[in-house]
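Here come two complexes built around subunit A, the first alongside subunit B, the second alongside subunit C.
Now for the complex of A and B:
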């Protein structure tokens, strides 16, 4: 079944090293649509990444820095990137070898479609 | 103001419930038998609130279980209700001690996704920690009120 986000998620998963991509409700941490490779724990990543993005957004606002638009978390074996607006968060999980610059551009471009 | 405490009538549930509260950042948690007998609580200040919450959770669980059976032929797995500031999540937990009911209340410091995620881990920890069923540990209707009062007194330090 396709959703308004299917095409955007399919374009992100085509990037080299991307393991999965999801649109998540920021307040609930529940997946709205996703395109994931086998082995990615989508629900766990979605809940935690949405919570992380929300806290980053609130921290940036509290520090007087404005709205956080993009969040990148680096770990030894890969990265989690998140971008959001209007209670929706676009989360991408990628391997270390992925081109994070390209992923960032694609995610920020996809933000235009990120509305309910 | 003192920090909310966790208390358990049965010692084996204490560690899993504390872990869940720490992980999911919930405000209140309650574990009970489907009869409404409390097993453990976190965050409640008064025995009467635990008693009310247990009675309501048992009733909601009974209704939703029956509704699930009517609609889908099996009980619903979990129930979520979002209020303006707080939300509740109510679900069954299967252990060797039989089916238990878990109720938790959370606000915007947590989320339904986080609660569901850590509830899954809580279920596993609880199932692993559960001792063998006690022989004839059923609470008989004539003993219900006495058992309830004894459990509440134990949770709130009056024993």
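Now for the complex of A and C:
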């Protein structure tokens, strides 16, 4: 079954090193749609990434820096990228070798389609 | 220090299963602690202590785990036991100094840290922590009436050894005490240096700060376009992001996070963790290229580490 986000998610997963991408509700961390490689713990990634993005967004706002649009977390075993708007967060989880610049551009481009 | 990987943990677990009396529980417990798996680390340490109840390092491990779990009294008691078994143990002295610092018992903290520094003069973090305690003691009287009210700081929980943190003493521990604002502190050359620590690294439209584990500013500053100093607000608000990041990488088993970058309407903010739970943070206006912000973060992180270690 396809959703309004299926095509966008499929284009993201085709990027080198991307293990999965999903559209998540920021407020509760529930997956709305996803495209994941086997073995990716989608629910956990979704909940944690949404929570991280929410924290960054609220912190940035409280600090007077405006709205957070894109976030990237880097760790030895992978990266988590998140871009959000209107309670929806587009999350991508990728290997360390992934080209984060490309992923960022694709995610920001996809943000335009991120409305329910 | 490199972080042991899953293979190491598996190997140590297997070795311990084969030989429950093996001392490998020390490495295994510490590795689990550094990965933030404090429940497991606690089990390993307690089982090890059942067989090696007079081993100072085993009690030291249990103390570190207790400190991670914010069980400060238990941590202190364990370090006290370490001192009984091995008088002058630098790790125990550091730890006890840390606990007393968290309890705002600065005189005692100074005594322990001074002894730790004597026991291990090469440890820059002890020196730094000691300097911070002494500065706190020196300025405490003069700052009375201008510091944050006590109630304002209640509930601030020390985070001595968040996942993968170094032993719970050092820059973060030293500065975990809510620092008075810049204006309220007695001026000192060291403090002035701290404010300008990154001045030769950042340029117009960029700011850099060093935060302690509680989000208090240790060095650097953040000023907006109008020149207003927003360091405290930025530090307090953004440091919470790192807690969330710790949680995420722990659950997703990504290893210790090395950087977070986020873009807002006004700025690109990048942060990197420092030993002891501190944070180096860079903010640059949106015109600054992303790649440059990352380079800037590396340089600021390096400078912050050196400064925290007491190196010029």
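Here is the rule we go by: the second predicted complex is superposed on the first by the 116 of 116 C-alpha atoms of A that agree within 3 Å, B and C clash if a C-alpha of one lies under 4 Å from a C-alpha of the other, contacts with A are read in each partner's own complex, and residues count from 1 in each chain.
Quick note on the criterion: a contact is a pair of C-beta atoms (placed from the backbone, for glycine too) under 8 Å apart; a residue touches a chain by one contact, two chains touch by 3 or more.
Here the structure is a predicted model, which means the values were calculated and not measured.
Once the complexes are laid over each other on subunit A, subunit B and subunit C both fit without any clash.
Of the two partner chains, subunit B and subunit C are each touched by A:44. When subunit B and subunit C are set side by side, the one touching more residues of subunit A is C.
Contact with neither subunit B nor subunit C is seen for A:32 once the two complexes are overlaid on the shared chain. Once the two complexes are laid over each other on the shared chain, residue contacts for A:62 go to subunit C alone; subunit B is not touched.
Of the two partner chains placed around the shared chain by superposition, subunit C is the only one that A:70 touches, whereas subunit B remains out of contact. Between the Cα centres of subunit B and subunit C, as seen from that of subunit A, there is an angle of 70°, stated in steps of 10.
For the pair subunit B and subunit C, the minimum alpha-carbon spacing after aligning on chain A is 9 Å. Residues 44, 48, 51 of subunit A lie in contact with subunit B in one complex and with subunit C in the other.
The part of subunit C that touches subunit A in the complex is made up of residues 224, 230, 233-234, 237-238, 240-241, 243-245, 247-249, 251-267, 269, 283, 290.
On subunit A, the positions that touch subunit C within their shared complex are 41, 44-45, 48-49, 51-52, 55-56, 59-60, 62-78, 80, 93, 101, 104. On subunit A, the positions that touch subunit B within their shared complex are 24-25, 27-30, 43-44, 46-48, 50-51. Interface of subunit B with subunit A (complex): residues 108, 110-114, 116-117.
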